[in-house]
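In the part that follows, the structures are each spelled out as structure tokens.
What follows is a pair of complexes built around chain A, which joins chain B in one and chain C in the other.
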Partner chain A sequence: MDIDALTGCFASAACLVTQTTSGLIIGMLLFLVAVGLTLIFGVLKVVNFSHGAFYMFGAYFAMTAYQLSGSFALAMLCGAAGTAILGLIFERVFMSRVYGNDVLMQLLVCYAFVLIFDDVVKIVWGPEFRSMGMPTAFQIPPLFIAGGVVPPYYLLLIGVALAVAAVLGFSLARTRVGKVIRAAAHNPGMVSALGINTGLIYGGVFALGGMLAGLAGALAAPVRSLTPGMGFSVLIESFIVTVIGGMGSILGALIGALLIGLIRSFGSLGFPLFTEGLMYLFMVIVLVARPTGLFGKEVA
Partner chain B sequence: MTKSRKPGISRRSALALMGGTAVTFATPWVAGAQAKTIKVGMPTILSGRVAQLGTSSRNGIMIEVDKVNAAGGLAGRPIEMVIRDSKGQPQEAARVARELVNTDGCEILIDAEASSGAFAVHEVARDLGVFCVHTNSETSSLTADPKQHIPNAFRTARQGVHDSIVGGGYAAAIAKAKGLKKWATCSPDYAYGRDTTGEFVYYLKQFAPDVEIISEAWPKLFQPDYTEVVTKILQAKPQALYSALWGGDLTSYIDQANIYALFTQMEVFAVNMADYTALTVVKNLPKGIHSGNRYIKTYPATAENAAWGDAYKAKFNEYPTNWSWENATAMMLIAAASKKANSADGKKLAEAMKGLTIKSPFGADGTVTMRAEDHTLIGYAIGWGTTIPVEPYVPEVKSGDWKQILALEAEWKKTKGYT
Partner chain C sequence: MTELQAERGGDLSAPPIDVKSKRLRYIDLLIAIAAFAVLASLPFLFSSKALLDFVIRCAAFGLFATSLNLLVGYTGMISFGHGMFFGLGAYGFGLIMQRTGVPVPVAFLGTLVLTAVVATAIGAICVRLKEIYFAFVTLAFQMLIHSIILSWVSLTGGDQGLRGGIPRPKFLGIDPTNHIHLYIMSCALLVIGLLLMRQIAQSPFGYTLRMIRDNASRASFIGIDVWRAKLTIFVLSSLFASTGGIIMCLFVSGAYPEFAYWTISGEGIFINLLGGVTTFLGPMVGTVLLLTLNDTVTRLTEHYGIVLGIVILFFAIGLRKGLMDFAVEWYEARRGDKERAP
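For the complex of A and B:
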């Protein structure tokens, strides 16, 4: 424990800026993965254990597109679009068959695909770790805000994630499609009876979830090493986020992800040997105080 | 319509059988050679995030096995390698090792496991008495601790304490020259990271007593994001940083630290940087990272080493790793021991291996020796240098002095109560 370092940090503007942005970066990437997870659960009532694989595919698609085209924007687009298509196919061909089944069956299908997707990556890209490299446009010195260090690439990353959160929140609350999705989550039988194609909604939501995870992978690709199985640890943290925020809540995913990010960044100063533990401890406290998560709704 | 067949053996089959028998008896060396094949079992990690450990170990040993077989095998017995995946789990490594000996009839074990699995395989070797060579575990105690010592097990890997002595000495010289007193460390939080970092800091302080460690970070193994670790180190404002991160973890760390311009703010010592696995993957390798040599074909700067690296690249379309040379060395030593003993028998091999010195492309002076007293490899090329982003990656390597390494190692063993 190093409480001095933590209190020292709160007294210094430079340290606060650096650690807060560091927390935001970790949190925002987590949010993109977790929000897909929570969205899929909210509408389809399926815990998608293979969600980490979409994060992995997003990173690999982006790397390949970047290597072929040299365009960072195209890399991001490929990462997101590729995983959206993959998500749609995965949902229509496989997941849609196990909706009514026991949760164990769903778990089994997802877990099988975790292994299959990892092996596909191994076959296509090789078992070794890979690196995409930072695009030239972002190979510039970091900014200094109030003495704190902020890399420009991370500003972009935070901006993209915030924009996604805003668009998602707005579309679900205010647009017709959003209303239909929320209705389908609440009462799929009624939505279907009204002549709306629920299969299309399910496939669309799964594709959207996959796309968000893929976008997170693509955004992470320039700074994280790419390996088969890289989705696993991200998935675990995303579960913590959704448990804290409440399954099915987008705002919950955002707040949960930011809290985890900040716990990691400030926790590493004050409790360097217990940073991981802090996350779980926080989760336990939330679960005890509010078993449905911070923004989860009671199931009637 | 199907053709009806008379019961029993057909005339054609009978002729073939008789012909085959006749040939076998007329040429006894064919049947004899098949019976005399010696099976060598190798548990290693062929799946998961560190699968490269296993594949490059397998490639390294196969290059030498092919040479031995082309030259007639071990005392006339061709080698058949039986290589199995342990998935990096110690209990699985032990199970596979036992099965290789008991079920598959392997007479020699090549333990190509990481440290966690190596200790498990070591216990199997102790139990079964099979001749065993550890090729990847660098944890010093595996051979330094007399409690671990068994007559039938050897190690052809580097030893952590050797690297730390050379690294500590090298870093201390730079610390003194540049006045680097405030240091930070950032290493993976498991046995290897903790031990290696501890030993490095110990020797750094021995050689440069006014060095002070002002910050330590222990990210967990395979952590995807190091941002909080990077910013923590930036806050501490050290003059130098030591890291024992390796493989994909190291490349992630470099990519993430790069955008914080960490490498321009302090001298960085990363013991595992100078391995092709990391060097060829990092896209924006910063200039001037200090690293120990793992495997590079330009150090030792000899024609033999370059030729070995190129032959490997030609065969497997990638450069060798640190694990490749360690496994190749195992087979080179086994072949030499077999020649010396004129036998492939495990007990005789173990006897012949003790104190054996062989010519080697990886030797500091062109040779390596299997030290008799503790069955571990000495005399291998060991040095530190700074990296550049293009080949040869580490243009100049400052060699460690084996006389000094051995003297300090002996002292270290005393302080640990090993001698």
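For the complex of A and C:
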């Protein structure tokens, strides 16, 4: 434990800025993964335990696309589109068979795919650490804000995540598709009776969730190392985020992700070995106080 | 019929059930003794050390998985953090032996007391939560304990685990360093543990748990304290999981962070699915299946995940139930056919 480092950081503006930005990018990546998880849970009532695998695939797709084409934009697109297709197939072929079964079967189908996907990545890309490298467009000197170092790529990352949050929030609340999705979350039988293809909505929501996780993976690829199994720690953290924020709530996912990001970045100063423990502790505290999470509604 | 008569009616029909369950308990005891006799005779029939190792691992994981079934199958509480008690058993026992040098039985009891205290504290928080939240909070506690083990290096050795061997002094004429003695002891613990859990499952309390699983609000209406019953079974099952951890600790003469990692819980759930949660011995069958599968697959291919994943999919999407569930249904269907036939 190193409380002095933590209090020292709070006294210095430079350190505050650096730690806050690093907390924000952790939080924003987590948000992208967690919001997909929370959407899928909200509409399909399924906890997608294999969500981390989509994050992993997004990163690997982006890396391969970048190495082949050298275009950063194409890499992001491949990461997002590839995982969207994967999500659609996964939902239609496998998950749709276990709806309405008990939670145990759903968890197990996902668990099976966590194992399979990790091995597939090992076979295709190899078991060793890989890295995509920072795209040339972002190899420019970092910005200095109040003495703190902020790499420009971080700003892009934060911007993209905020844009996704805004677009998602707006479309769910205001557009026709958003209304149909919310209706399907509330009462799929009635929506189906009104002549709307709920299977399509389920598949679409799952693909959207997978796409967001894939986008997060693609965005993370230049700044993190890629390994098979990289999805798992992200999965656990995004679970914590959704549980803290409240299952099914997008705003909750955003707030939860930012809180976890900040806990991680500041916790690593004060409690370098117990950073993960701090997150679990925080989750326990929130759940004891509010079992449905900060923004969750009581599930009937 | 008045309420009083209804109550009497209930009393009148009660004795036959009691008689039946008492007879069943003798049968349980006989089966347990027979099973122990068979297991104990194995070392004299086969000289394979690998077979004995396999049975010891089955004992450790079998106790763990069966105790998880008390939660998942009997009470409907899907715990995704049951492995924390397995890890706690291994670390608790290992630490007590390394630090204090008390005799094995004392350390054993000490570990169980420690587990009970921790399980009561965690259970008190968790058991009031519903299905999926319960699963996640237990998972979070599991990871909390795992990160405590990793970060408290001076006590637990961090990611290296408890090294330097666990002292295993002789007690009551049993020498845990002797492979055969350790084997017999593990078998005894397994059989006693299973018998005790069977008693819990067949007791009135066990039937209360089934009722809570089927309809918690109705159970609460007839005056059952659901929270207390759930907490009780949470703590009881943690004790058996901890015993599994103790066997593992004695077997490998150490304790490693993987024992407290979430994958142990995942495997426990998987074992339960594999064997089936509707029969008492389902998890035991699942344990033998999974360990056999593990050993064969890792010997044949390095793509362990793909093979295991496909097997899980086969059970989850294909059969939709465990092997024992399947066997029981098949047997009952066949018997039904026979009875219908003239």
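Things to note:
Quick note on the criterion: the second predicted complex is superposed on the first by the 298 of 300 C-alpha atoms of A that agree within 3 Å, B and C clash if a C-alpha of one lies under 4 Å from a C-alpha of the other, contacts with A are read in each partner's own complex, and residues count from 1 in each chain.
Basically, a contact is a pair of C-beta atoms (placed from the backbone, for glycine too) under 8 Å apart; a residue touches a chain by one contact, two chains touch by 3 or more.
Computed from a predicted structure; not experimentally measured.
Of the two partner chains placed around the shared chain by superposition, chain B and chain C are both touched by A:273. Using the contact criterion defined above for the overlaid structures, shared-chain residue A:283 touches chain C, although it does not reach chain B.
Judged by the touch definition given at the top, the superposed model places A:129 against chain B, while chain C stays out of reach. Contacts of A:97 after superposition on the shared chain: chain C is touched, whereas chain B is not. Contacts of A:173 after superposition: neither chain B nor chain C is touched. Once the two complexes are laid over each other on the shared chain, residue contacts for A:234 go to chain B alone; chain C is not touched.
Judged by the document's definition of touching, chain A residues 122, 273, 276 lie at the interface with chain B and also at the interface with chain C. Within the complex formed with chain A, the chain B residues making contact are 47-49, 51-52, 55, 216-218, 220, 222-225, 227-232, 234-235, 247-249, 251-252, 255-256, 258-261, 277, 281-284. Within the complex, the chain A residues that touch chain C are 47, 94, 97-98, 101, 103-105, 107-109, 111-116, 118-120, 122-123, 236, 239-240, 243, 247, 271, 273-274, 276-277, 280-281, 283-284, 287-288, 291-292, 299.
Listed in rising order, the residues of chain C touching chain A in the complex are 72, 78, 80, 125, 128-133, 135-137, 139-141, 143-144, 147-148, 150-151, 153, 262, 266, 269-270, 272-273, 277, 303-306, 308-310, 312-313, 315-317, 320.
Interface residues of chain A facing chain B in the complex, by the touch rule stated above, are 5, 9, 15, 18-19, 22-23, 25-26, 29, 122, 127-134, 138-139, 141-142, 149, 151-154, 220, 222-225, 227-230, 233-234, 264-265, 267-269, 272-273, 275-276.
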